[in-house]
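There are structures below to look over.
Common to both upcoming complexes is subunit A, partnered first by subunit B, then by subunit C.
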Partner chain A sequence: MRALRALLWKDALIELRSAERLPVLALFSVAILLTLHFTLPPTSEARTPAAPGFLWAAIVFAALLELRSSLESERRDGTLDGLRLAPVDPTAIYIGKVASSVAVLAVLEAALVPLVALFFTGRASGVAPAIGVAVAGTVGLVAWGTLFAAVVGGTRAGEVILPVLLFPLIVPQTIACVRLLAMYLTGAPLDDPATAFVLLAAFDVLSLGTSILLFDHVLDA
Partner chain B sequence: MNTRGSTLPLAALAAVTGALALMFLYAPTEGLQGEVQRIFYIHVPAAWISFLAFFVVAVASVLLLSKRDLRYDRIAAAAAEAGLVFTTIMMTTGPIWGRRVWGVWWVWDARLTSSLVLWLIYVGYLLFRTTTPPGQRRARLSAVIGIVGAVNVPVVYFSVFWWRTLHPLPTVLNPEGQLLPAEMRVTLYLSLLAFLLVFASFVVLRLRIEDTRVRLTALEEALRA
Partner chain C sequence: MTAAIRLRAVAHRFGGTTVLRGVDLRVDPGERVAITGANGVGKTTLLKLIAGLLRPDTGDVTVLGGTLRDPRVRARIGFVGHQPFLYPRLTARENLRFWARMYGSTDDGVAVLRHLGLDADDTRPVSAFSQGMRRRVALASALGHDPELLLLDEPFAGLDDAGVSAVAGLLTDGGRTVVFATHAVDQPAPRVDRLLTLHDGRLER
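Presenting the complex of A and B:
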């Protein structure tokens, strides 16, 4: 537990002092939303129904960037080797990485969801729960993502292999998350929101659990 | 030439010939769909073998992580390579059939989506292997990919199934009893046997190449020392 707190503190300090990741991620996501916006015809009726998907796409791409930079800085500065030498449980290292990436992306989402509401749906209601849903989806996304970023990190073609492996795996999170986001942001009807929440939570638990079991082997390799 | 181990490929060849004969000469033409239904005898066994291959990859990956014997890594790699072939067969015959029967090449239903996910994971797995230097490290990291893929493919299936689905429910392993006429069933089973033998031949031959390569490397090192 103390190790975990120290690891989180380390990541928080790095982020606070360098402001390395958040501004970059914010600009990147706005650029993605801009591009996605212009994929629709000017008077399209689809702007509102498409908004939750656009938001999720921006989140997924930002997460990809975050996952790479989060582990890249560790590798560059040799922190990962230091951590492996220290008597720290690999699970703590993994949870520390996941928590710091989720925290960075949660801050990003807190800004991104109101932006999408402003520019795409024009509805202020439902923004707060939508941020919650986005963060819940991000947990599962980052859980698989951190594991795979560590797997492909040292590889030549890592940038390509990470999305090829990660995107198919997060199909469940994508479905559950986008439907719930649509319910909150656009008022789209959802038959059974409770089931959607249960599924989203189940996918998060599954991805975290499997990754915790396997991360040990990744660090070892 | 070393002829040891050529029994399996020869048996596979015989089974494929037999299956092709049954498919086109013996099996009756389906009333509603017509001739295009014969693609069933290729599509369904290919799908089953794809899942079998992935299961082999997952089991070999678990064994590798627990026993650290690189032979399991070679088994997993051979099964993944052969599996990609059969998944690709499934992914190409499916749309051809679907175009004639459903009127569309592709629908985003549970089985089609999870098959696409399976195919992408195989590709990612093999892509990772080809871009990483061989050894314990690559073996352990690819085992992690193999296990996660196996855990997730059924999850993807159920997550999409939670929506509606267009793909027909199982007609062969249907809990309400057999829906398939006997001639069709015989053809399907022989075709399945043929696919199974082809898959086994691929894996065994691939494994022999890899084992020989390992022996060769060991000999070269011994020579240099």
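Presenting the complex of A and C:
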């Protein structure tokens, strides 16, 4: 816990001081939403039902940027070697990285979800639970992503390989998240919301558990 | 007496290039050993193997009677590499505090930093520091948890004369085991017990 607190304190301080990651991620996500928005005709009725998918796509692409920069900055500054040498459980390093990325993306989602509600669906009532769903989906996404970012880090093709490895694994999270987001943001009926919540939670637990077990070996490789 | 460092027939390759070929080394507790050699001869690789940042292709490395998989062993080692383990956005004091917490130490190395001529209350981020200043902060950080074994890669690089004297003084303090690599044998350096030369992948006296 001591090491984890120190890691979170350090990442928060760096983020607050640099104020680099969030503005870049926000601009990038808005650019994706805008681009996707213009793929539909102006009067298209598909705009509302497509909004949850657009939102999740923006979150996933922003997460890819975040995942690359989170571990790469440690690698670039040589501090990843310092962390490997320190007498701390690699799980603390992994959880620290996941928590810091989830926190950054959660702030982003707290801004993106109301934007989508405002410009795409016009339904404000489901914004708060939709943010909760987005954050829950992000946990699993970042859990796998942090592991794979450590695997491909330092390689020239890393930027390409990361999504290739990550995207197939997050299909269950994508399905559950988009359906729940649709329910909250558009009011689309969902036959069995409980199953979607269980799927989301199960994949969060699975991705975190598996990555915790493997991270030590990845760091050591 | 258990050796502080024991290397047996350690070999290491990078791609097709053999950097170390069968290195044997024993360093006793409290001993100060300097490893010299030309640039690119493998000094950094050797230090990284001792620190556990690299694994040997063949041979074995024992440090402080254990393996580097053991966090209790790692807790007794201080390492200053080519790249100081410093976060550029944090101040010197914040960096020292962070690494002290990672090592479970209450001493954050501020006294050492002052001894090295840096103001620990400096509010500038480390990114604004010169190379020599960063090396001083890195050394203070490595000494913060009072390690039994100190491994240093080119500890005098980028330091002015005062810095070299201050660092040399610190290395001879406390009776700890010190192994450092330097390419400049004529540089003012702390008194060492042994001077070894790395040549053609092997250590020579």
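For this structure, a couple of remarks:
In this section, the second predicted complex is superposed on the first by the 221 of 221 C-alpha atoms of A that agree within 3 Å, B and C clash if a C-alpha of one lies under 4 Å from a C-alpha of the other, contacts with A are read in each partner's own complex, and residues count from 1 in each chain.
As a working rule, a residue touches a chain if its C-beta (ideal position, glycine included) is under 8 Å from a C-beta of that chain, and two chains touch if they have at least 3 such contacts.
Note that the structure is a prediction, hence the values are computed from the model and not measured.
Upon superposition of the two complexes on subunit A, no clash is found between subunit B and subunit C, which fit side by side.
Of the two partner chains placed by the overlay, neither subunit B nor subunit C lies in contact with A:Val102. Look at A:Val88: by the touch rule set out above, it reaches subunit C but stays clear of subunit B.
Of the two partner chains, subunit B is the only one touched by A:Val164; subunit C is not.
Of the two partner chains, subunit C is the only one that A:Thr79 touches; subunit B does not reach it.
Once the two structures are overlaid, the count of subunit A residues touched is higher for B than for its counterpart among subunit B and subunit C. Shared-chain residue A:Leu33: touches no atom of subunit B or subunit C. Once the two complexes are overlaid on the shared chain, A:Ala63 sits clear of subunit B and of subunit C alike. Judged by the touch definition given at the top, the superposed model places A:Leu199 against subunit B, while subunit C stays out of reach. In the superposed model, the vertex angle subunit B-subunit A-subunit C (Cα centres) comes to 90 degrees (nearest 10). Superposed on chain A, the gap between subunit B and subunit C at their nearest CA atoms measures out to 7 angstrom in whole units. For subunit C in complex with subunit A, the touching residues are 51-53, 71-72, 74-75, 77, 79, 81-90, 94, 98-99, 101-104, 125. Subunit B makes touch with subunit A in their complex at residues 65, 113, 116-117, 120-121, 123-125, 127-128, 131-132, 136-137, 140-141, 143-145, 147-149, 151-152, 155-156, 159-160, 162-163. Per the touch definition, subunit A reaches subunit C in the complex via residues 2-3, 5-7, 9-10, 13-14, 17-18, 77-79, 81-89. Residues 144, 147-148, 151-152, 154-157, 160-161, 164-165, 167-169, 171-172, 175-176, 195, 199, 203, 206, 210-211, 214, 217-218, 220-221 of subunit A are the ones that touch subunit B when the two sit in their complex.
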